[in-house]
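The block underneath contains the structure these notes are about, expressed in structure tokens.
To keep things simple, chains are lettered A, B, C and D as they appear, and every chain counts its residues starting from 1.
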Amino acid sequence: MAAAVVLGGPAGWWRWHRRVRAARAAMVCSRAMASKTPVGFIGLGNMGNPMAKNLVKHGYPVIAYDVFPEACKEFQDLGAQVTDSPADVAERADRIITMLPSSPNAKEVYTGANGILKKVKKGSLLIDSSTIDPAVSKELAKAVEKMGAVFMDAPVSGGVGAARAGNLTFMVGGVEQEFDAAKELLTCMGSNVVYCGEVGTGQAAKICNNMLLAISMIGTAETMNLGIRLGLDPKLLAKILNMSSGRCWSSDTYNPVPGVMEGVPSANNYQGGFGTTLMAKDLGLAQISATNTKTPVPLGSQAHQIYRMMCAKGYALKDFSAVFQFLREEETL
Amino acid sequence: MAAAVVLGGPAGWWRWHRRVRAARAAMVCSRAMASKTPVGFIGLGNMGNPMAKNLVKHGYPVIAYDVFPEACKEFQDLGAQVTDSPADVAERADRIITMLPSSPNAKEVYTGANGILKKVKKGSLLIDSSTIDPAVSKELAKAVEKMGAVFMDAPVSGGVGAARAGNLTFMVGGVEQEFDAAKELLTCMGSNVVYCGEVGTGQAAKICNNMLLAISMIGTAETMNLGIRLGLDPKLLAKILNMSSGRCWSSDTYNPVPGVMEGVPSANNYQGGFGTTLMAKDLGLAQISATNTKTPVPLGSQAHQIYRMMCAKGYALKDFSAVFQFLREEETL
Amino acid sequence: MAAAVVLGGPAGWWRWHRRVRAARAAMVCSRAMASKTPVGFIGLGNMGNPMAKNLVKHGYPVIAYDVFPEACKEFQDLGAQVTDSPADVAERADRIITMLPSSPNAKEVYTGANGILKKVKKGSLLIDSSTIDPAVSKELAKAVEKMGAVFMDAPVSGGVGAARAGNLTFMVGGVEQEFDAAKELLTCMGSNVVYCGEVGTGQAAKICNNMLLAISMIGTAETMNLGIRLGLDPKLLAKILNMSSGRCWSSDTYNPVPGVMEGVPSANNYQGGFGTTLMAKDLGLAQISATNTKTPVPLGSQAHQIYRMMCAKGYALKDFSAVFQFLREEETL
Amino acid sequence: MAAAVVLGGPAGWWRWHRRVRAARAAMVCSRAMASKTPVGFIGLGNMGNPMAKNLVKHGYPVIAYDVFPEACKEFQDLGAQVTDSPADVAERADRIITMLPSSPNAKEVYTGANGILKKVKKGSLLIDSSTIDPAVSKELAKAVEKMGAVFMDAPVSGGVGAARAGNLTFMVGGVEQEFDAAKELLTCMGSNVVYCGEVGTGQAAKICNNMLLAISMIGTAETMNLGIRLGLDPKLLAKILNMSSGRCWSSDTYNPVPGVMEGVPSANNYQGGFGTTLMAKDLGLAQISATNTKTPVPLGSQAHQIYRMMCAKGYALKDFSAVFQFLREEETL
């Protein structure tokens, strides 16, 4: 161990220290809640709220903060400690999860005047589950490292329902040795925790998936629409696509045409699901990443524009499969 | 039967007559080849050649024609009768399969000066396996019906390999009562024969599938490229996509990135497979159908343009998954 | 002259004959109307009506036909002869102008059961001012030539207002020696008659212009919208563009942003002008021509899709500059 | 004056002070160079070099800095003072012009460890002529204001030739009262200095113009290509477009088709002019601005992708009108 300390430097020492605690906590998992060390949680919105609750359920004492005090009240009732700032969270917990709506929010929470970095303890593990620009994740990681702490990006896939049910997928980027420590916490909230590579690759994996998702959803919608106009029955067309090379998740699991499938947003007037405005946001991140890396993304770029136009035409809150409706004649709206 | 004749009119009678013969042929299937009635085959190119051979293998006497006489020679050696024109084929066979490269060729073979319709017998069954504009299929069907014969469109999916192995997929459009008669022949050449609806829907199904295929292939290529530039390992990214909502045939079965999969064109310098120029052709048909039906196909349209640009930049004969290469930096070409 | 007859064949003779008559008619231009030989006019819709009236004003006896009899009534009152079919027009006039809404209509009027070609006289001059697929113009030209007559395509630019004022622009394709004869008639209806080359190039010139127009209009609309959102005053931005390399007709003559210019559709809630549905039609023709010639038109194709989506979203009858409105937030609609 | 000081605060006082000096300098313009107060210039690359030389020619003592020392040497020979960092420039000059390749460079030069802001004097006027993200311009302006100085963005249009000839166009954003002071310097380097509005609007105007330029250039290229394939003579087509509604700067002043015009890059194998890679950069900025403001830019976005693909296919250093060549068949390359 001493050698590890020497090789790893101070952060290495803390990492070991944290692991010992984590191991201890795991061993006593069946004992009282108080035996686990506290976990900070910043950002208690639609997603953060059920995620933090799952931590509480798994016996972690939660140190909570949200920019809207009312978002914290519920957690006070659940026995969590509520603090006044991200800095206060960092003072009381050496493992913190953040779940924030956008890059500027994440910057503020980490590097702002009362941000985590003002009082972060050496060796702390900071996990950001926000979906943000991977370049910002890298910036934050650098700033965190300077303070002797560890940063990982761990955006999620799966919506509010998955967050409640605790079966989100986490895509994790960061130093590989820290992955197990992160996984310990993330498995309380998700059923699938995937290590993707260095910092930023969690974000990269997420926005890549969502870009391809958007492309295949729009593709499925326009293909189904064309087939219908050429005289094909939509159920039959879906069946043919799904046994052929046009098959994709959007055609076989989440078909955008009303009447083809049960239990998907298209069967329920495009309510629930993954909002068009959220898809537009993720496509914006993909676009920025592509621009910064000079990568041509001709269809991803067009998908972004189409979801932007949909937001401008009243589809912002509908599920993103409503692109089928957007492309059809007005009369059928 | 008499009632059927009365209801169905002359074409109905022939249909019955043909079925009796077909049934008889089926019954004697194990007997000598001569006991089956002959089948015409027009268009003995890359695809037509192995398809017609499979008919021969199944014991059908083939009456062959191709605009290039040398294409027929091989069939003469196999015992097929070779004729001088589509009209001659129509004179000698009341079941004819056509496999032609484009709409104008199909028009010529059916309605040209020496076309099938010059000598087609009442009640004949004409099956067009070419991939052409569904509007042209409908035109041909009308002209064929006027002569008291039956027309079905039955384009295939699967390339030369599948044609040789006899496991093509046929997507069939036409009068439903004729489907069984068509299927009898098509199952000699394909493992999957799907009834799609009225005339033209076979074409519609095929071009819809290929349009969605092109969209998801380009989408997969640009997504993989973006992910790689953001630091993701391509195999890992493919794995993540394939267990997530970005999953599609192009990502999980035919991945365009060299090194991700074995046995696909991307593992073999994009040789073999489905040529870029053929994909561009099918996207052109999709585009024409979309334009004629006033259907917006924003990504299908863009996919068409990208494959056109690829053809103009030297990718015409490479597999269509080479779009990955097209989108990468020159240095890697 | 005899030599001309020999060289030119029968059609040449008629051409000469027609010219003599035309010359004679021109000479007596100041005399009574009856001294001019009659001109057929088929298609008396929004555009054809004022065009035919301008022929009447210039003293040409008009032989009229429209598929809707009521469209002819007005012309009867003006002294025109109204006939029962295109064939009847061809029987009574050896110069005919057609102005039809689409390729199928043009085919019907020329080659249909009662079409012009049933009774066309040798040496007749048939001028088609419809905007149709140049490939169809070429087909019609071939059919017309077989009958010993001459076909020219002469689509117009300028809307109903220009048709009334007699200052349309005609883009003319066909045999160059016939251009003067065509021009004689077309100058009665337009101020600008441009010879473009062989048959079909009139159409080509028109759809090329309109494709570039659509691209630059959408480009102007999205650029103005972006500039406004970035804090620029729209008038100032238009001024800067118009003195810079972004300048185009859509920015300097027909700006799509309300308040930037007077006297354009954007100043009048996008009423009047050139309807979105007509632009979508012309872009469809451009797309079909591009597909047939395997020409990549990435932005023209996208422009087509955008105008299709606009038609599907209630903009069909608004001026095509309403794309600015389509791209803005709903709240501002 | 006292009142102005009260109203304007400390910065106001300096502004007045600077103006007095500027006025004095202007008055003595015909006198010796030493009578003008020095001007800092940071970034002496392809554009900055000739711009700074024009300041020298107009009699301004220049305080120079570039990250590459060799870039400064020439200026030392011209009598300019060369410094070791942006901070040093700020110490010796209260008017500074910066001309840098990208947003990160600009951030470094202003807010880096040895950046301008380390030693900027109150009331200094800092003019950034780089083409960068307008959001970064706003950030820099805020940081500059905090130090009691003034920031203006003033990107240029016109290339190296215009920079040498001193007839660039400057698009200026910032506080209007400072515009005259900025103009005094900028008119030494440009013939056209346009006030665009608050900070960031100079950038906005530039990227808007270049986005529309890219769209109309690609549009012109694909339109000309389509017309040629449809049988039109390119010169004739250009003439028709230029007298019609398709007219734009790219068609009438900078036509991309070889043989249509003299004295443009297309007449010289696309050498010189405005490089494809620079256009791709500006389109990237437009894309980022559009993404940040949630503005749909369907064609601007596609134009960006096309220039990215061109960079990946060997066109990076050719003039951006080479898109015509990119879209044509390989045989003609």
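Everything below uses one rule, namely that a residue touches a chain if its C-beta (ideal position, glycine included) is under 8 Å from a C-beta of that chain, and two chains touch if they have at least 3 such contacts.
Given the structure is predicted, the values throughout are model-derived calculations rather than measurements.
Visitor: Can you list every chain in contact with both chain A and chain C?
Guide: B, D
Visitor: What's the farthest chain from chain D if centres are computed as the mean of the Cα atoms?
Guide: B
Visitor: State the pair with the higher C-beta contact count; candidates are C-D and B-C.
Guide: C-D
Visitor: Could you work out how far the Cα centre of chain B sits from that of chain D, in whole Å?
Guide: 55
Visitor: In angstrom, rounded to a whole number, how far apart do the mean CA points of chain B and chain C lie?
Guide: Averaging C-alpha atoms per chain gives centres 39 Å apart.
Visitor: Just the number, please: Cα centre separation of chain C and chain D in whole Å.
Guide: Here the centre of chain D sits 43 Å away from the centre of chain C.
Visitor: Any chance you could list the residues of chain C touching two or more other chains?
Guide: 295-298, 302, 306, 309, 312, 327
Visitor: Where on chain A does chain C make contact in their complex?
Guide: 302, 309, 312-314, 326-330
Visitor: In the complex, go through chain B and note every residue touching chain C.
Guide: Those in contact with chain C are residues 280, 284, 287-288, 291-292, 294-298, 301-302, 304-306, 308-309, 311-312.
Visitor: Which chain C residues qualify as touching chain D in the complex?
Guide: 134, 157, 169, 171, 192, 194, 196-198, 200-201, 203-205, 208-213, 215-216, 218-220, 222-227, 229-233, 236-237, 240-241, 243-251, 253-254, 286, 289-290, 293, 295-300, 302-303, 306, 327
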